[in-house]
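First chain A sits with chain B, and in the next complex the same chain sits with chain C.
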Partner chain A sequence: MLSVIVFAPLVGAIVLGLFGRRLTEKIIAVIACSSVLVSTLAAFYAFWRLLSVKPAEDGVRRINETLFTWIAAGSFSVDFGFLLDPLSGVMILFVTGVGFLIHVFATGYMHGDSGFYRFFAYMNLFMFMMLVLVLGDNFLMMFVGWEGVGLCSYLLIGYYFLEKFAGDAAKKAFVVNRIGDFGLALGVMLIFLKFGNVSFVDKANMVSALSQAAKMPVEPFSGSILFAGGLTTIAALLFIGATGKSAQIPLFVWLPDAMAGPTPVSALIHAATMVTAGVYMIARTNAIFAKAPLALTIVAIVGALTAVVAATIGLAQWDIKKVLAYSTVSQLGYMFLACGAGAFAAGFFHVVTHAFFKALLFLGSGSVIHAMHHEQDMRRMGGLQKYLKTTFITMAIGTLAISGFPLLSGFFSKDEILWKVRSSPVLPGSLGTLLWLIGLATAAVTAIYMTRMMVVTFLGEERFRKASDTHGEHHEHEPHESPPVMTVPLVVLAFLSVVGGFVGIPEALAEKIVPHSLHGVTHSFYHFLDPVFIKLSTTPGNLTGALAADHGAELVSTLLSTLVALIAIGVGYAVFSKQPLLTMPKILENKYYVDELYDAVIVNPVKWTSKWILWKVMDVGIVDGTVNGLARLLGWFSIGIREFQVGFTRAYAIFLLIGALTVVGYFLYFGRL
Partner chain B sequence: MMTLLLQTSVLDINYVAIWPMIILSISGIAVLLFGIAKDPVHRDMSMIGIVGFVLAGVATGRLWLPVKTVGQIRAFSNMVIIDHFSLYFFFIFIIIGLLTLLISASFLEAERLPVGEFYSLVMFAVVGMMLMAAAGHLVMIFLGLEIASISTYALAGYRRNDLRSNESAIKYFVLGSAATAFLLYGMALIYGATGSAELEGIRTAIIDNVNAATKQPVHTELLFLGAAMMLVGFSFKVSAVPFHLWTPDVYEGAPSSVTAFMATASKAAAFAAFLRVFVFCFVPGYGQGLHSAWTTSLETIAILTMIAGNIAALTQHNFKRMLAYSSIAHAGYALVGLIADDWQAVAFYLLTYSITNIGAFGLITYLAGRGDRETEIDDLAGLGFNNLGVSIAMLILLLSLAGIPLTAGFMGKFIVFKAAWQKGFHVAVIVAVVTSAVSVYYYLRPMVIMFFRELKVEPKRLPLPTGVLVTVVLSILGTFYLGVMPGRLFQAMENAKVSFVQSR
Partner chain C sequence: MHFIKQNILTVVTFLPLFGALLMLLHSYFRGNNPEAMRRMALGFSLATFLASLPLIGWYADPTLIVKANWIGSLGVSYHLRVDGLSLWLVILTTLLVPLCVLASWHIDKHVREYMVFMLMLETGMVGVFLAMDMFLFYLFWEVMLVPMYFLIGVWGGERRIYAAIKFVIYTMIGSLLMLVAIIALYLLHGQSTGVYTFDIVQITENIARYDFLTYQQQMWMFAAFALAFMIKVPLFPLHTWLPDAHVEAPTAGSVILAGVLLKMGTYGLMRFNLPMFPEAAHRFAIPIMILAVIGIVYGALVAMVQPDLKKLVAYSSVSHLGFVVLGTFAFTETGMQGALYQMLNHGISTGALFLLVGVIYERRHTRLISEFGGLSTPMPVYATIFMIVTLSSIGLPLLNGFVGEFLILVGTFTSAHPRILAVIATSGVVLSAVYMLWMTQRVLFGRVTNEHNKSLADVTLREKLTLVPLVVLIIFMGVYPSFFLKRSAGQLQQIHRLVNERAVAGMVR
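== the complex of A and B ==
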């Protein structure tokens, strides 16, 4: 059953990859979507089955499926197996569900593209890899998926490979991800060294690495523990992997460039699913992170910084997809902030709600771009709400959801994160309070830049007519609403963005606004996931954890974040509806000059070293010199040996005799001894 | 009933045990008689040959289970020993013999050479080889060797009107006779030293240190001298350095399909006898260090063989000559298994090597074209554009010869090297691995020329003959099967190990 979920998209990818070139667009679309649909249905069925499974001793419901022993080398044994538990269960639901909607949308968006089959072959392959990542029952399987989605991401960012910027962006994504992957690989190796296996679940004769970690004592909070090779080191290495895949500081620079790929790709891979793999991984390994308070603190700080830095950059972007890209980076920062504060469930809930509204926003932007004939600059838009009714309404819902408008999905998940940070038991001292303030400020900025994006794109005067003049060509036809294959997914996602939050309403709020009989539903997300996460212990010196049980304070916090969101939306609307083209600070527009900084400090020195030291001296001089010299030497030997081959039988007979005498002499000498 | 009727206790005659040889001999004679007919039809003779080999294969297969239950079948007063060792080699010879027929058919037809004699010589050679593998007596080894060798001498000179073929046959014959003399002399000395010419008798005499005839202690000098002489003889037959000098000339001059046969089946047969005598009789711990004498000297020979074979192959321009040196190098690898006392490793190695090599030579017979002339590596220029299928097949087979993973060649080397490493022959294994790396150069060069050189002249090649096609397909399938899923065969051989050790 789990195999069906995973392998259905692979079948699609293989069929499309091998035969797609000869198929019509319609058949390709049917194959691509139906393979994901099969996977989706199987995922829902598997999830339903999971609900009726008896929990194991540790209270977690699990369904295991081992296909075969993948690697067996000495004491090292890895199964090719899948694991469905609440964590992976929730993940596959939205990965397949949202994935299916985006596939459907893409059949409209990519209509008429010459690489139609290639696009869907990659997309299906991505689904397969993502599901391997999520369902793999050990670190190595996860790593395979991890690298696999990275490959698909590379292929799809560079989908328009005739354009230089697409190739460059793909390369950048690949290289930056590789830096993170080193961390992950080292972390996995260290796990194997420490625990003797890389499994997520206990098997016969084997206590999994995670179970062993869960039984270990909490490591102290000190700088030296980071390099001690214990759980903190492992956690830090894993987190380096996460910063690569999930675009956190300092490795976030690839994600905005990744928007060079087709918009459905941005929605699926670079917003809803792949980039959240880092969060999933940390949630999966919470047993390790929970024992490493220092690592958690690093995660929280990096998350908070990323959130605020990316959000402020998002304020000043003109490319509609860039705005959303920075927004994604910022929202991912929130998720890590939550994980760092020990609120894995809250962070993971945000993964889910974010998947809904960010996929919606990206697809919406895709719809806009489609309507504008691949124009992405918001300065050449404006007033589009008249032409793109459905797109406008659904995107507005998405914007409200991400801004934290009350009772929409983003409101609940973000509010929960902020409160959990405020009352975190693991962050040292009052760091929780500080990060909470940063989170609150970020929420305000988020609401402002999202409102700006909506206002500049959909409201105000129509600037696109002027724009087409500057292009020197006349688009006579008006912008047109997209076909139903594109708008229906928007509507479904908008619906999910509205109601998706109701399964995870924070407790204090639920007390006030939800009838008691419904608490089972409104808290079902947290209740369902709870057994997966191990109990946290309070870090010595923590000042914020005491608040956790204070429902009054929680309500105040909720009220505060609601006010912030509403005011920010208002401010955004007021400012940008008057001056849509308001010039933003240069430093924000230029993304704090991070790319330039990296170029100067890392890229250029590396290039110089590669060219002058590694290539000219090491490679050409030493390596090639040795190899060529050796080859020449062997050549001489070879000619030397050929000299024996005189061609006369008598000569050969002589050599035969000499050889025989040598052997006989040796034997007789040996016999004497 | 049949079994009972055919068995007489006096001479220990057991025809069932030698059914495969009988079948092949009969079909060889049948083909020969057919060839006398006025207008012999090629197709019919090929059919007889193929059926003969298939039936011999079936007969061999039917011996497998009985041998499994009793361990081994002895016949003709211990002259013939049928155990899993011999049956395994029977299979190799039968497969190679059959494929040799398949790749020769079109060549013989095109050259207007008599078919009947050719086929029957191949079949008689295979019978000789089988006797070598199943021999329980030094005389039987010699007999088998002579049957096989004389047939091959004739085959090497089969293109009577071609000087190169004649030269090849004469060189092979003269030098081969000299080597056989060494071998025979060695056998005589061994008999003198141990008082027995039966392999089991030799083994017992050495272990107990009692001459079977005189009841005196074994004469050490005679024993060592005899062993050294036999080692020289066998080393010549497997073309180990420094007894390899005949190989390139003979392989280059003989018809390509005969070269294929010599490089695979003849070599495997020599190894079978080599293993029987040295690994079975000259056991470690007895005979005043005889075992360490032959292993150390063979280790040196193996190292020299691998180095000389591989390095000389680097600068060859003729494809057949290059493969001749390659076959020398491969003999070196197999010797590494021999010194490790591991007959399974050697046998498996020979199977992988033979299966791959026969396919490669099959392609060469086809590419060499009329008169077997275009065998220079440069003649392949641009083949990749002209005939992609043949080029890719050649690529796979050469990669297997080079020992690239997923192919049979890799598995064979891996097994042999592993066995030798565990027995402590570290230097030999290191040399083997390094020279394998060197060998990749000359195996890949034809590829480079096929795919990256311009077509010189548009070649007028005929379509691929069915026989060659079948051989190449089987060879490639075998290459992948042995390279990817060798498990079943290993298991079968692991069970067979018992019978070889039991035969004390």
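== the complex of A and C ==
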């Protein structure tokens, strides 16, 4: 059953890869979408089955499926196996569901593209890898999916391979991800060293790495513990992996460039699914992170900083997809902030709601780009709401959802995160309060840049008429709404963005606004996932943890963040409807010059050193020079010993004898040493 | 069946040589017909490959062992046997040779000699892996040099003579030292046991049983063997013959060189150095591992800035083989399994890379990266295969390279050696992605800017025949490595036991 979920898209990918070239667009579209649909249906069926499974001793419902022993060498052994539990269960539902919608959308968006089959082969391959990542029952299987989605991301970012920027962006994504994977691989090795296996779940006679970690004591909060080789070290290494895949500081630079890929790719891979893998991984390994308060604090700080930095950059971008890209980085920061505060479930809930509204926003931007004949610069848009009604309305819903407008999905998940950070039991001192403030500020900035994007794109004067665009041709036709294959997915996602939050309404709020009989539903997300997360113990010296049960304070926090969101939307509207082309600070527009900094400090010096020091001086000069020098020396020496070439046989015989005696004598002597 | 089993090793070893002789006879009586030479070479190398396949099932069967007295007075015997260490290397060799013959179809300069050398080379290579007598081993080891020298020196590029001589001299220096060590080992073994023999199995067993080598002797002999093997590997800083040899060699020469010849170094380390001189191995482990790690990073960095495709692949070999040496000297079963697996991977992936470079070299007569660009437009199938091989080379999971690299890194990480070695080596995984993807981007992607590349023909059927088997293996070995690992496990466990037991005993002493 789990195999069907995973392998259905692989079958699609193989069929398309091998025969797609000869198939018509229609057949390709049917194969691509139906393979994901099979996977989706199987996922829902498996989820339904999971609900009726008897929980194991630790209270977690699980379905295991082991196919074969993948690698076994010496003491190292790992299975090719899948695990369905509440965490992977929730994940596969939205991965396959949203994935299917995006596939359908893409059949319209990619219509007429010469690489149609190639595109969908990669997309199906991505679905396969993503499902391996999610359903893998051990760290190595997760790593397979982890690198696999990275590959598909690479292939799809570089999809328009004729353009140099696409190739550059693809390579950058892969390499930056590899830097993260370096940490992840070391983390996995350290896990193996410490626990003797790399599995998530107990099988017959083996104790899993995670269950062993769950039984270990909490490590102290000190700097030296980071390098002690214990759980804190493991957690930190895993987090390095997460910063790569989920685009956090300092490895976030690849994601904005990744927008070079077709827009459905950005929606699927670089918003809804793959980039959240880091959050999934931390949630999956919460048993380790919960024992490493220092690692959690690092996660929280990095998450908060990424959230605010990316959001401010998002304020100043003109490319509609770049705005959304930075928004994604920023929202991912939120998720990590939640995890770092120990609120794994809240972070994971944001993964789900974000998948809905960010996929919606990206697909919406795709619809806009489609209508504008591949124009992405918002300065050449404006006034589009008249032409793209469905797109405008659905995107507006998405914008409100991400901005935290009351009762939409993003409102509940973001609110829960902010409160959990404020009342975190694990963050030291008053760090929780500080990070909460940063989160609140980010929420305000988020609402502003999203409103800006909507206003500049859809409202105001129609700027696309005057501008003869970059391709040097006038837009003769009016922008037109996209066909139903594209708008229906938008509507479905908009619906999900509205109602998706109702399964996870924070308790304090639910008490006020939801009838008691419905509390089972409104808290079902947290209730369902609860057994997966281990209980946190409070860090000594923590000031905010005591707040956790104070419902009154929680409601105040909710009210505050709602006010912030509403005011920010208002401010955004007021400013940008007057001056849509308002110039933004240069430093923001240039993304704080981070790319330039990396080039100057890392990339160029490494290239220069490799070429001039290592190759030209070291390899050609010193090593080879020594060899050739020795050869030359030998040459002179030979000229010297030419004198021995006397030409008499008996002289040679003597030389031979002397030589042989020397060798044999040496060995006889040496032998008795 | 018994008869077949008893002779199969001899057949696998000498069938190519037999074919070479037949080819010479054929051309003597029927005139020199290049096409016939090509077909015969392909036929015999394919037959050898098929003959070697049953070994996968029989490798553990003692009836396969061939042992006959050869030069009785010196204790030299004709002793062939296959075990978990040599099995896959033999199959790799017999697989690569027919592919190389196919890839050399276009060669029209002295076809007969070329093909004869190819088959002679195959006998030498298979012999090295199967010989269980040091004398025989050394014989095959040296015999191999001759055809390789000519393949580079006659059919090579512009600086072929320089490269060929450099290759031979480098290798000879090492192998002469090895010869000295072999003779010393022969004498010392004879003196202490009274049995003068070159038999590798016997000597290895007796060293373990009687421990007749002093620490000092172990150190010297270890050094002599190791130097010969490390030049072959090649381990940094003994690697500078490799880029020259690769660049100048014809495509098939590069494939054989990278695919098989380099493996003889790492094979030798596992066959001789670890089980025979365990204490010395432990003593030398750290310096060697440091060199291996330097090689991994250094090879990758230098590969990154190469303007020539073949040089890039050559330096990437230095990096990959560094992994193999690292895993070997981790002295853990996991690491050694990984090392052996990585030998196979490297043979397949790097072999395929050289074939791929050969494909475009044939069309454009240049290997400069800057001459290409955008090849995926005129050559989509080529680009796809190139991409898969690249991904294998950078160790993407579910392809072969990952299994080897990961086992090596885990094996090193969990060994008794400093963990920092594994940590630095892991960074090689990042670097390999950098240089390989940068290369593929410049060769395959973007727009075609060079007029000459606009109408390049995609891979022909013949070229597909050489590449597809390797691609299939790349995937199969990545998805189902157990097929290979479980067959090599037994022998590697034994080496693992020998290298660690003796060393521990030595420390007590």
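Criterion: the second predicted complex is superposed on the first by the 610 of 673 C-alpha atoms of A that agree within 3 Å, B and C clash if a C-alpha of one lies under 4 Å from a C-alpha of the other, contacts with A are read in each partner's own complex, and residues count from 1 in each chain.
The definition used in the following text is that contacts are C-beta pairs under 8 Å (C-beta built on N, C-alpha and C of every residue); 3 or more make two chains touch, one makes a residue touch a chain.
What you are looking at is a predicted structure, and each value in this text was computed from that prediction instead of being measured.
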Inquiry  = One more residue to check, A:635. First (chain B), second (chain C), both or neither?
reply    = first
Task = Count the residues of chain A touched by chain B and by chain C, then name the partner with the higher count.
result = C
Query = So, does A:185 touch the first partner chain B, the second partner chain C, both, or neither?
reply = second
Ask   = Does the superposition put A:551 against chain B (first), chain C (second), both, or neither?
value = neither
Task = Look at A:658 in the shared chain and tell me whether it touches chain B only, chain C only, both, or neither; answer first, second, both or neither.
result = first
Ask   = Shared contact residues on chain A for chain B and chain C?
value = 631, 663, 667-668, 670-671, 673
Ask   = Of all residues in chain A, which touch chain B in the complex?
value = 631, 634-635, 637-639, 641-642, 644-645, 647, 649, 651-653, 655-656, 658-660, 662-664, 666-668, 670-671, 673
Request  = Mind listing the chain C positions that touch chain A in their complex?
outcome  = 166, 169-170, 180, 183-184, 187-188, 191, 214, 216-217, 220, 237, 239-241, 298, 301-302, 304-306, 332-338, 341, 374, 376-377, 391, 396-398, 402-403, 406-407, 409-411, 413-414, 422-423, 426-427, 429-430, 433-434, 437-438, 441, 444-447, 480-482, 485-486, 489, 496
Request  = Could you please specify the touching residues of chain B with respect to chain A in the complex?
outcome  = 170-171, 174-175, 178-179, 182, 220-221, 223-225, 227-229, 231-232, 235-236, 242-243, 245-246, 248-249, 288-290, 292-294, 296-297, 301, 308, 311-315, 438, 441
Request  = Can you check the complex and tell me which residues of chain A touch chain C?
outcome  = 68-76, 140, 143-144, 147-148, 151, 154, 158, 161-164, 166-168, 170-171, 174-175, 178-179, 181-182, 185-186, 189-190, 192-193, 606-607, 609-611, 614-615, 618-619, 623-624, 627, 631, 663, 667-668, 670-671, 673
